[in-house]
């Protein structure tokens, strides 16, 4: 899992029924200082995230399928939550 | 998943029956600005993509097998759709 | 598996029941000299680790699910243990 | 999947029965210009490839196990075919 | 799979029964010239490797679990063999 920032979305013509009608979000991976790293994923949104939101990305297929409750979902990354706070140096 | 651009294809002598007769596309990974990153995948085409097309790549084995409807397909990446538009800064 | 250092944690609004109430730890990957590499994971904590602890990270979904005893856990990384000593040059 | 060049092989003492007697090939990953990238895999050979051959590598465990017809094969990469031609800029 | 060199081991307090009593080896990934790349894994040892040994690493969870004969082993990397010889430029 990593922290990302929603940058936009992709409109695509896709045949697979699971992906039809799903919003494909562009999410930039952030480093521990909150800066974009240059890496991104296209993630399925499970939490109604919007552009600019800081989000929690699950970047593993089987875990992503659990979040989406679809054992046959053709996905690798999903927005699993909205990040409210990143707390460094304290637990 | 990531956004890629179709660069060409590979002609190979392969023994596995699932891959025989399938087109093996060379797809360059693009960054969020639409530039090639130097990374590429060989992806099975599920949507009749052509050279120069901007495409959606699913780069996880189990997800790719879902797209191809082949639970025993020896693949890791598949072209799952044609990208119509990349929308940055809006949702 | 790799050696990490706990840097803090993430507070997020997540819908999936498995993750509710779990602490999401920010863990920096260390190199063999014990320095941070710039890479990090968000890992579920299985051992009550605190900030500054050196920990053992399992960074594979199925292995992480074994540690958490949850076959449907949407995770990729877990803190599996506290590192007591790194011994280089001896076995 | 990616395009690789066979560089040699590894002779190792291994206990697992599936790997005994299998040739472990060293395969350098090539970029789209056919140059070596510095990355390599040790791949099981399914097609009698020789040093210098340009080959198709499947670099995902479940896909590799399909190629080798061994559901319990402890492998991540396999040489799935011999590349006859890389066609860039045409489809 | 890749070629690694055993650098040492990690002593950790771990709760999962599969990992208790197992030696956790620090293994540096080598390039094709036999030099360390800066990348390492913590791997479970299946072959009684010692510091300085050149070893064969299987770096995929399901494959590693096959080597260890433990379908529920929380591991991603295992030392599967001792490398006797790396042969470049010949097959």
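As written, the chain order gives the labels A, B, C, D and E, with residue 1 at the start of each chain.
We take it that a residue touches a chain if its C-beta (ideal position, glycine included) is under 8 Å from a C-beta of that chain, and two chains touch if they have at least 3 such contacts.
Worth saying up front: this structure is predicted, and the values here are computed from it rather than measured.
Rounded to whole angstrom, the centroid-to-centroid distance between chain C and chain D, based on C-alpha atoms, equals 32 Å. Centre-to-centre spacing of chain A and chain B amounts to 20 Å, using the average Cα coordinate of each chain. The residues of chain B that reach two or more other chains are 61-62, listed in rising order.
Taken as a contact graph, the chains are arranged in a single closed ring, with each chain touching exactly two others.
One full turn of the ring, starting with chain B and passing chain D second, gives B, D, E, C, A.
Residues of chain A touching chain C in their complex: 1-3, 31-32, 46-47, 56, 58-64, 66-67, 80-91. Residue ranges on chain B touching chain D, taken from their complex, read 6-16, 18-19, 24-26, 28, 38, 40-43, 50-51, 61-62, 72-77.
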